[in-house]
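To start, the structure itself, in structure tokens.
Chain lettering (A, B, C and D) follows the sequence in which the chains are written, and residue indices restart at 1 in each chain.
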Amino acid sequence: MKKECVTMLLAGGAGTRLGKLTKNLAKPAVPFGGRYRIIDFPLSNCLNSRMFTVGVVTQYSPLVLNKHVGVGKPWDLDRMNDGLTVLSPFTGFNGGNWYLGTADALTKNQAFIESYDPDYVLVLSGDHIYHMDYEKMLAQHKQNNADVTISVLEVPWKETSRFGILNTTDDMKIYEFEEKPTNAKSNLASMGIYIFNWKLLKEYLEMDRNSTDSDHDFGKNILPALLHDGHKLYAYPFKGYWKDVGTVESYWEAHMDLLEEDLELFLHNNEWRTYSHDSNFAPQLIEANADVHQSLINNGCIVGGKLDRSILFEDVHVAENSYVKQSIIHPGVRIGAHVHLERVIVQENVVIPDNTTYIAQADEEPIVISPDFFEQATSS
Amino acid sequence: MKTMMGLINLNNEHDFLNELTYFRCGAAVPLAGRFRLIDFTLSNMAKSNIQEVAIFTGNKYRSLMDHLGSGADWDLDRRHGGLFILPPDWNDPTDISKGDLRHFHNNLDYFERGKSDYVLISGSQFVSNTVYQDLFDYHIETGADVTLLTTTYDLLPEHHACVKVRVDENNWVTCLSNDTKNRHVFTNVYVMRKSLLLELVQDCIANYKTHFFSDGVKANLDHLKVNAYHYDGYSAIINSVESYYRQNMALLETESYKQLFSEGAPVLTKIGNQPPTKYRGTSKVNQSLIATGCVIDGTVENSILFRGVEVRDGAVVKNSIIMQRCTIEQGVHLENVILDKDVHITENQALKGAKEKPFVIAKRKTI
Amino acid sequence: MKTMMGLINLNNEHDFLNELTYFRCGAAVPLAGRFRLIDFTLSNMAKSNIQEVAIFTGNKYRSLMDHLGSGADWDLDRRHGGLFILPPDWNDPTDISKGDLRHFHNNLDYFERGKSDYVLISGSQFVSNTVYQDLFDYHIETGADVTLLTTTYDLLPEHHACVKVRVDENNWVTCLSNDTKNRHVFTNVYVMRKSLLLELVQDCIANYKTHFFSDGVKANLDHLKVNAYHYDGYSAIINSVESYYRQNMALLETESYKQLFSEGAPVLTKIGNQPPTKYRGTSKVNQSLIATGCVIDGTVENSILFRGVEVRDGAVVKNSIIMQRCTIEQGVHLENVILDKDVHITENQALKGAKEKPFVIAKRKTI
Amino acid sequence: MKKECVTMLLAGGAGTRLGKLTKNLAKPAVPFGGRYRIIDFPLSNCLNSRMFTVGVVTQYSPLVLNKHVGVGKPWDLDRMNDGLTVLSPFTGFNGGNWYLGTADALTKNQAFIESYDPDYVLVLSGDHIYHMDYEKMLAQHKQNNADVTISVLEVPWKETSRFGILNTTDDMKIYEFEEKPTNAKSNLASMGIYIFNWKLLKEYLEMDRNSTDSDHDFGKNILPALLHDGHKLYAYPFKGYWKDVGTVESYWEAHMDLLEEDLELFLHNNEWRTYSHDSNFAPQLIEANADVHQSLINNGCIVGGKLDRSILFEDVHVAENSYVKQSIIHPGVRIGAHVHLERVIVQENVVIPDNTTYIAQADEEPIVISPDFFEQATSS
């Protein structure tokens, strides 16, 4: 059955810079924002943008991710004629094939894409936090009569050297890519969100497949080749909050952002909801001596102590006389009495004993307390 | 393998909650911050390996239909079995049945199609978080015709209406009455063979009876082997505004909260999609049960907030139950109040009820 | 993007099918071997990018609820939007609305919650396999207040009850009547802005009106811009036993069958789980429409068999419609007969109706 | 959440002996019986046996298979706390890993199995046609207090040399395995259906993982090792129809079996239904001049010609004056007028032109007409 646009959500990355947070978990499955996983944000964008034909490409430690995504029920993507499909690596008539790069993930799933005979393919990655109406981007792409449209964000000029920068003419037509330029001509950074005309992309994927020195990557190989050959690439300027949570520091920062006045409607936005699973815990119980400020708390929590600028995922207990500041507490954590945490990320189901203190100073990377943290501490 | 099918019979439950049951039946009344009364019974059934559940509704069943939907949130959206909401829709001119027996008579196909040999019957007013598997195993083991789930309470006004049970040394039921001093209370949960149920139903109809339990079971105590299985866990009976308010407030005690919610599997309810609750810099919240999606600037004390409630700066909410999507503006003072859904309390209003008689505001009002 | 929500209004449809509608409403009557009347309208809506559909039912809605379930089989079991079955369950003592306007009045929240700005309204008696997207695009393009879907028929008795349409050269509707000679027929499918619908509803209620289309649209033809969109594809109106029988039989012609079923997307219906139909060595089947799960030893000619029918050796079924799970024993002879579900015809029985007046047997009978 | 028994359905095989039927399709996804795919049989057995915790291990060309299986809706296996999970190969912290053998497929999915903390693991393969109550087999396993139970079938003595044979004592305790023995002592053949005590199996999987000369196969490695070490292995005798559809010939035979009098209730068994997807085609239309005998026909077919002992999947058209005998016609096939087919298998969506004849003689392998059949015929 023909669909105008197929969305390919690349959720296969290992996210190694997130350290312990991704040890046994694909990066898109990392918990975020008190009740979500990172991938909930692009998937909710798909629902809210009416992009109902979605392939989710997975490869790394996908058990939790696949269970979470399922057939897409929380995002209303369990549909009869399209909806969400998980695309894992597989062996075919010619043997097994892992995905080698972002472009290769599409090459190997060409049969999936072709089954919808689409005009356009929207490529997303599964590890950014943002709200975006892809339908508007597609409308822009069609209006420009573009071959490719790349979503871009204005970044502060002093940070341009950290991004892939796009140089455009006044009408947003791209004439040059610069990877992490030292003297940038533009502050438009690529967000890794692309719309391609499928017919054209297919040709370039075909060429790329046979190229032995290619990294099979959109940014490094496909887009430069398309630009070089004179195709029409346009930038689509995005306004709003966007965060790459690629490191422990930026993961922590993104959470603190959620507590700021100007961003607090990000999750509480009724016009652009973020959807996820729900595990039916009872409402949170705030006990008699609790003291809670500037925090986000989910169902099933029992709070007896003091919270300041912290995020509690579901089913977290914080006992009396404890103090949790600027910290992120994943589901099922038990924090004992007289505990003091600052700038700490506590992973799922960890038990923090009474009378313990963990503080990361403002100039240090936040401390990640993983399930084997105490074992390691004891054995070392 | 022996299995049960479930029947939630709301036919005999009255609309006891005044303003809260103008437009919904008692089973659909919200409680404990995110649940409806029926969630407890339905979750217990779902957790007891029951794959098919029928609900006999009276009138005002629409909010129940809305809430339950396909049953997916209770894992009951099955191709085989699943959830059947059965409102009163009678069209058979030859039908002579009366009372709740009309419901049985007009839904015989539910029992006939079902694959299970046993039926677990319940109302919606017994609030607990348990599985009925032990009750069922006990029923099979004793060889009883009917086994009643019973418990013991320190008697409160809400228990006056309950049937009380006397048993012999082997828990065989010797007397069912309304004895006001007997603390051994029947929970309205009972189990029996499907074939016996159908037999009793036919017998009641043929004799123009009106109440399945009273006329079919209680009246036949002589020739039926009726046993009682005693339940010791946390539970409550909710059948009046007073008991509703009391039992909600009881859950603000950590011990009761843990007993009801943390010791069993989760109580299932309709999935919302609310973000975590936001506590702002000026918030002061103590001894309260708070659902997700709330935004709190003000003071909340000894109260229950349902999903999406906003309490603005300087507002005080005390000993109150505030349902979904209410907004409490700046400077408001509420005490001993129950607000139904979507109520908007404008700036600086003060409302105060009594603990024994909370002030109830019907839904969608602006005050 | 502009989108429509759907409303299937059964409130004004009568139980026209005698024995076939004793226990079910007309919309739930089985036809064409595996469908129910409502499947055609509901499928057309589902295929027209409509994500939320409400059904206003009258009485006898239970078999409709059974059939539609959660809406999953029409891809309408959505967390946002989806299918809403809205039986008459009125509890507002202040309600002054009448006729089908009670349904509108008591379900205003369906329209208010919906995200779409347009509403497509339909009954269940117009049988076609199409998408309403073209109608909608046309509606937007002409800037009409209301656009009616119309078609042309060679007039048959079933068209007498239909509203007939006169239009000017630009398809603006100039007259709506019951003119018995006008072949330009209104299909009861129409589209309008949600805001206009709500306005007309309030206006009708305030004036104690009883019929939304007649009193809200037809009576206001002067000051509303009403256009007609003409549909040319295969279609039929089913509103009587005679039209029901005629239109079923028409589908035995390969041309009609292909037009209704092969040219559009599939018509969606409740999923059964039947194996392919088994033709045994002695079977003789011609010019017939056969669902899955049947086992055929006998002769079937110019007939329709629903799922799970058994026709034994030596039995003859001619010009008949045999519904789900009927058993036709050896040596039976049936001609011009309609058997409702689960009928059992014992050995060597012979039943014969007339083509103009088929013999209808109510469900679960043994003859 | 603890479950007594986890079922692992091995659906990763390539099924190369099925030739063109499995060119781009995993064997368990091959169409069978007029409306099913092969995997529908074990999955329906799971539902009918109340085995609700099922991992489906896939590896080879899984697009159609994964789409078909989804989250298990047609088999009522979409469940909140367990249900059906598709287990594709994945990369973990230590790199990528394909499944090397049947036992290895469990080794690599140990985390999945452990998450249910089961007492027993039921191992099934996805390519047999049969009805079986696994709950009864499990009851037998528990009653015997066995370590392993293997389901066995009595095969004709002259065919024992084609099977893995189990030699047992009178109480069905296994004392010897013989792979395709020339002089069999028993006619009990293994059906490839095993119940293990999970704790014990885990130990043996651990040993097997580290063994360099192992094929990581249950039949070749794990079971002989268990027997050798003196564990209690029992045979569970199965009565009823069972068919391994491993070759084109046996695939065709199994279909002809369905048309025999004594097997025709196999699919029409209301007590043991087989479930699958349904694509909502209209009922079949048998036209005025059709002549249909001893055949199975699904929805959406239009039959004008003559059918004898044939199976038509959904949406097949057979024009007038054609004759289809002892043939299997997959979905969407169009058979023109004056066509004569005998002992033919026609694959999905193939168009057979008017006036063509394909006949395989009784002693020949049935002809498989694939989508590229006519191209090949023209070019050769």
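Definition applied: contacts are C-beta pairs under 8 Å (C-beta built on N, C-alpha and C of every residue); 3 or more make two chains touch, one makes a residue touch a chain.
All figures in this text were calculated on a predicted structure; none of them were measured in a lab.
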- [ ] Starting from the Cα centroid of chain B, hunt down the chain whose centroid lies farthest away.
- [x] D
- [ ] Return the chain pair with more inter-chain C-beta contacts, choosing between A-C and C-D.
- [x] C-D
- [ ] State, to the nearest whole Å, the distance from the C-alpha centre of chain B to the C-alpha centre of chain D.
- [x] 46
Task: Distance from the mean Cα position of chain C to that of chain B, given in whole angstrom - done: 38
TODO: Specify, in ascending order, the residues of chain C that touch 2 or more different other chains.
DONE: 79, 271, 273
- [ ] Could you tell me which residues belong to chain A and also touch two or more other chains?
- [x] 74, 275
TODO: Would you pull the chain B residues touching chain C in the complex into a rising list?
DONE: 22-23, 59-62, 65, 69-72, 77, 79, 85-87, 89, 91-92, 271, 273
Task: Residue ranges of chain D touching chain A (in the complex, touch as defined) - done: 14, 23-24, 58-63, 66-67, 70-71, 78, 85-86, 88-93, 96, 98, 111-112
Task: Footprint of chain B on chain A - complex, ascending - done: 33-35, 74, 264, 267-268, 273-276, 278-300, 302, 307, 311-313
- [ ] Flag every residue of chain C that touches chain A in the complex, lowest number first.
- [x] 1, 75, 78-80
Open item on the list: Show me the residue ranges of chain B that touch chain A in the complex, using the header's touch definition.
Closed with: 32-34, 252, 254, 257-258, 260-261, 266-269, 271-273, 275-281, 283-293, 295, 300, 304-305
